[in-house]
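Scrolling down, you'll hit the structures one after another.
Two complexes follow with chain A in common, the first pairing it with chain B and the second with chain C.
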Partner chain A sequence: MTGLDDPILPTSIAWGLLAAFSVLWVVLGWWLGRRNKTAEDHMLAGRNVGLALATATAMATWVTANTTMTAPQLALQLGVWGMLGYSLGALGLILFAPLARRIRELMPEGFTSGDFIRLRYGKFTWRVFLVVSLIYAFGWLVSMAMAGGVLINALAGIDYRVGMTVILTVCVLYTLLGGLRAVIGTDFIQTVIIIAGAAFIAWLTIDKVGFEAIHFNLMEERPELLSLLFPAAIMFLFNNLLFGVGEIFHSNVWWSRAFAFGRNVGFRAYLFGGLLWLPIPIVAGFIALATPALGINVPAADMVGPLVAAEVLGLTGAIVVFIVVFAALASSLDSLLAATSDLVTRDIYRGHIRPQASEQHQFHATKVIVVLLGLLTWLAASYRGEIPIVGSLAELLYFTGAFVASAIWPIVAGLYWKKANPQGAAWSMILGSGIGLTSYFLIGFYVAALVGAAVSLAVMVLTTWLMPRPFDWGRLARSDAEVPA
Partner chain B sequence: MTISITALSVIVVLATSVATLTPILLIALFIRDWKKGCLW
Partner chain C sequence: MRLIRPLLPFLLWLPLAVSAQPAFDAPPERSTDGGFTLAWEADGPVVLEQATGPDHGDARTLYEGGDTSTVISGLPDGEYRFRLRAADADAWADEATVVVEHHSLARAFGFFAVGAVVFLVLIGAILRGRPRD
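Right, the complex of A and B next:
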């Protein structure tokens, strides 16, 4: 039996792994970024990323610590629907595939999602969007840094703040040195590590425990986990679906990749990435169903994955889990740091503070902003539990649900609906976020995204129907064009 | 209504097989892009 009182990995081995992978990522980041000369190189990796790297980076960024740790937790709490529901997060990537193609066609010189909103809807909507987008981005950054500290502590007994500081510092360093090229290059290796590690643990669990023992023990001890009519699980499925679509559609993490991928690559990369991501939560989640058969006592549901891996594989399992988790954390943190620093550089610094900033100036500014973002994230994650809103990972993520879901329709309408009303887009985000947050506090966390998306849709459709505003798509091609206030 | 052993094993084995093949597919795509000079 394994318990959380004893870390599953000896601290000395964990430090060795942390040091080895930290050096690998930083050296690789420096090597990949050594030819970056302009802001465009640094932010968009030369705008010609091929299919292999593009598919891998889409997958790696969407495989977060949540995928590797929460998928088993959901399987343990919500059963078969928990892991299947989580895998539907792939729909966000798949549905973004046609949007990525449209974005690249309409904005061949675009840099950020903020560029699109500014040119398409004007300055007021742009500012509303920046608030929504930056709240989400910062929330995700802090939650990832917190996840790093919590997981490294739980797996190896390393102090929360020390583990969090190490992983954040490593990601800041290689993003700083190599920009998006470093992020995408390391993402490729991280994807291979994460998927191979998860599949390895799943095959060994199947081999050592077997489906018959898993099914028999679940029927005896937790039959609801095998139920196909588990209401809470089915509700989770829809909430997760909307949340995932909102996260991907609005976030600059995905837009910057759409601008960075070569022509005709974006559609295929997001489609393949989504289809190949689909089985990962099932593979990572399934092992939790083996806990009754293995007789494992699970003191904390979010640690069920590592506990099963350690039980089935011993020290090797613990090492594999540690490497997979470290890779999953780094692959998301680096992407967020790069995309958020781009958004701040282009849309806040250049857009609001220094409009005449040259390419070279932006190149330096984006590096300073990566460091500042890292410091801010470190501060917020250091005071986990002491700042009211920065309570737990789940609370923080679900809190941002209303914001991201309210941005889905302004983005979709902006890309495809010629008459979409710009003021309507702003108010759909304001009212969607506001009413979504109200429902978060009045009803529960699980309705925030749902209500936010519904209100936003209603406002967008109603305002455009009452006051249509025709738009010339050609204006999107000039990313520096002046726009009305 | 519970899921049968067969259905559970089919879903999990299928998912794990796809996950096992994914790194191989990605590496093959990487080599193809590299040979064609369109990695970046």
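Right, the complex of A and C next:
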């Protein structure tokens, strides 16, 4: 039986690949971002991104470390339902398509998701939203930095902290140089790499191991993974769907793209992006089910994807996995760094600390904040396995599920319900997050988002019904309009 | 005392010279999803076995090598026994027992139904599209 004590990728090749792709992304970032002169250029790429680039960035950003590495982890832990349930995350992108169109119509001059909450619900709800949004963004950033370190450690045996530091540094560097324009440009190339690489790995896995051997060994050693009545997996299905919806609906990663895409592009871009994304977790997750047939030891659940791929496919497979996951990681880390720094600059720095900050001042602040976010992420990811929540990728990710799923209804009601009121929105996030987190600890990671979304819906419907407060949609078009109390 | 003094350095090193036995590192007692991670501390390669009875009559080797943890998943309800020894030793060094008791199907489908309702309301809210002015 093989394990982590005999890595497949020689250290010299791993360092060579890491260096080559690091240089490629940083140079591309510099080249694509060289014309950025203002904060608006840097943050929203001139608000005129076309359909091809828009679809690619939606799909590539949603193919994250979580897709390529957590999907196999969930297949290993929750079986066939875990794998299929993860692919339901595509519905987040698909359902955001009509929202993107509405956002662009209502807020032609908008910058961030925080702008929307501030103008729609006022300052208290805005602050609650910022807490929810930043907890999620930080959890996602740390989970991806962790994934980078785990990947390099699993494939090449390079120390986790060293690999994590290198990947994080590269992403900070090119996001710093190019802003959203660089992020979207590199996403396009990374999409091509991800689709081609994932298809190649799946084809080789089926060809080399075969369905029969996979099925036989699972039945012998891990029969629940094939059971359609696996209780935890049944609980997980809608949890994952609502988690994905919550992630996309509230996060500035997707709102900044809705603002950046050209008119009439957002709807189609998110729809096509979701459809392209749908099969990726099934392909990535499937290979984890080959673990018993291959006799591979999996020391940590989040390592299973790269370990199995490298074992089945040998050196070539290890190289392909390395490139695909590095591309997936980079395409999401950069997007999240860029979108989170925009949110912090616009909603915390300009919104709370220096309201009179000039365009140029915000431009510089965005860059300083990217570096600070990178440093904080590095610090938290350094303690993988030592802090309870920062255990495995899935545990960390689904911890944030309670927060994001509780933000679904304030966003949807805010965009479509004229009478949704600020108190209802704030309390649906507070109670949804609180009760969702309680269920995370009392029941399991696979119900936190579901409970958060259900509580948030109940609070939002009840408060809108009991305390209706009509809203003038025209206020959203004026990004600097006075906010309601 | 004069006799012991020259031996002191050797006596101090004695505990380190005896290699530590492999031992499980805080193994879980229960699991509600049929999965958990077993970790252990060992100086070298180990052999890990899994069985369902106290006599380890149906034991099978789960892992043999230099890693210090393994992920177990997909187990049905039951009591599972694990034992660990150094690869070059005959005697078993440590044992752990984990009880797997899955959530009830009633609870699972309860959560499933809540999720389905939230999802359908969401679809309805978005499909209605335009705000109700």
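To be clear about the criterion, the second predicted complex is superposed on the first by the 419 of 485 C-alpha atoms of A that agree within 3 Å, B and C clash if a C-alpha of one lies under 4 Å from a C-alpha of the other, contacts with A are read in each partner's own complex, and residues count from 1 in each chain.
Basically, contacts are C-beta pairs under 8 Å (C-beta built on N, C-alpha and C of every residue); 3 or more make two chains touch, one makes a residue touch a chain.
In this text the structure is predicted, and so the values were computed from the model without any measurement.
K.L.:
Who does A:V412 touch here: chain B (first), chain C (second), both, or neither?
P.N.:
second
K.L.:
Quick one: classify A:L53 as touching chain B (first), chain C (second), both or neither.
P.N.:
It touches chain B, and chain C stays clear.
K.L.:
Who does A:L78 touch here: chain B (first), chain C (second), both, or neither?
P.N.:
A:L78 sits against chain C, while chain B stays out of touch.
K.L.:
Would you sort A:I282 into first (chain B), second (chain C), both or neither based on which partner it touches?
P.N.:
In the superposed model, A:I282 contacts chain B only, not chain C.
K.L.:
In the superposed arrangement, which partner chain does A:V304 touch: chain B (first), chain C (second), both, or neither?
P.N.:
second
K.L.:
As a test of reading the superposition: which chain, chain B or chain C, is in touch with more residues of chain A?
P.N.:
With both complexes superposed on chain A, more residues of chain A are touched by C.
K.L.:
Thinking of the overlay built on chain A, is A:I206 touched by chain B (first), by chain C (second), by both, or by neither?
P.N.:
So A:I206 only meets chain B here.
K.L.:
Give one of first, second, both or neither to describe whether A:V63 is in contact with chain B, with chain C, with both, or with none.
P.N.:
Neither partner.
K.L.:
Touch test for A:A269: chain B only (first), chain C only (second), both, or neither?
P.N.:
The answer is neither, since A:A269 touches no partner chain.
K.L.:
In the superposed arrangement, does A:L119 touch chain B (first), chain C (second), both or neither?
P.N.:
It touches nothing on chain B or chain C.
K.L.:
Go through chain A and flag every residue that touches chain B in one model and chain C in the other.
P.N.:
The answer is residues 223, 226, 229 of chain A.
K.L.:
Once bound in the complex, which stretches of chain B touch chain A?
P.N.:
The touching residues are 1-3, 5, 8-9, 11-16, 18-20, 22-23, 25-27, 29-30, 32-33, 38-40.
K.L.:
Give every residue of chain A touching chain B within the complex, in rising order.
P.N.:
45-46, 48-53, 55-56, 59, 80, 84, 87, 181, 188, 191-192, 195-196, 198-199, 202-203, 206, 211-212, 214-215, 219, 223, 226-229, 262, 276, 278-280, 282-283, 286
K.L.:
Can you check the complex and tell me which residues of chain A touch chain C?
P.N.:
Touching chain C from chain A are residues 1-5, 76-79, 95, 98-99, 218, 221-226, 229-232, 234-235, 237-239, 241-242, 245, 297-301, 304, 408, 412-413, 415-418, 443-444, 446-447, 450-451, 453-454, 457, 473.
K.L.:
Would you tell me which residues of chain C are touching chain A in their complex?
P.N.:
Within the complex, chain C contacts chain A at residues 32-35, 37, 63-71, 73-76, 102-105, 107-109, 111-112, 114-119, 121-123, 125-126, 128-133.
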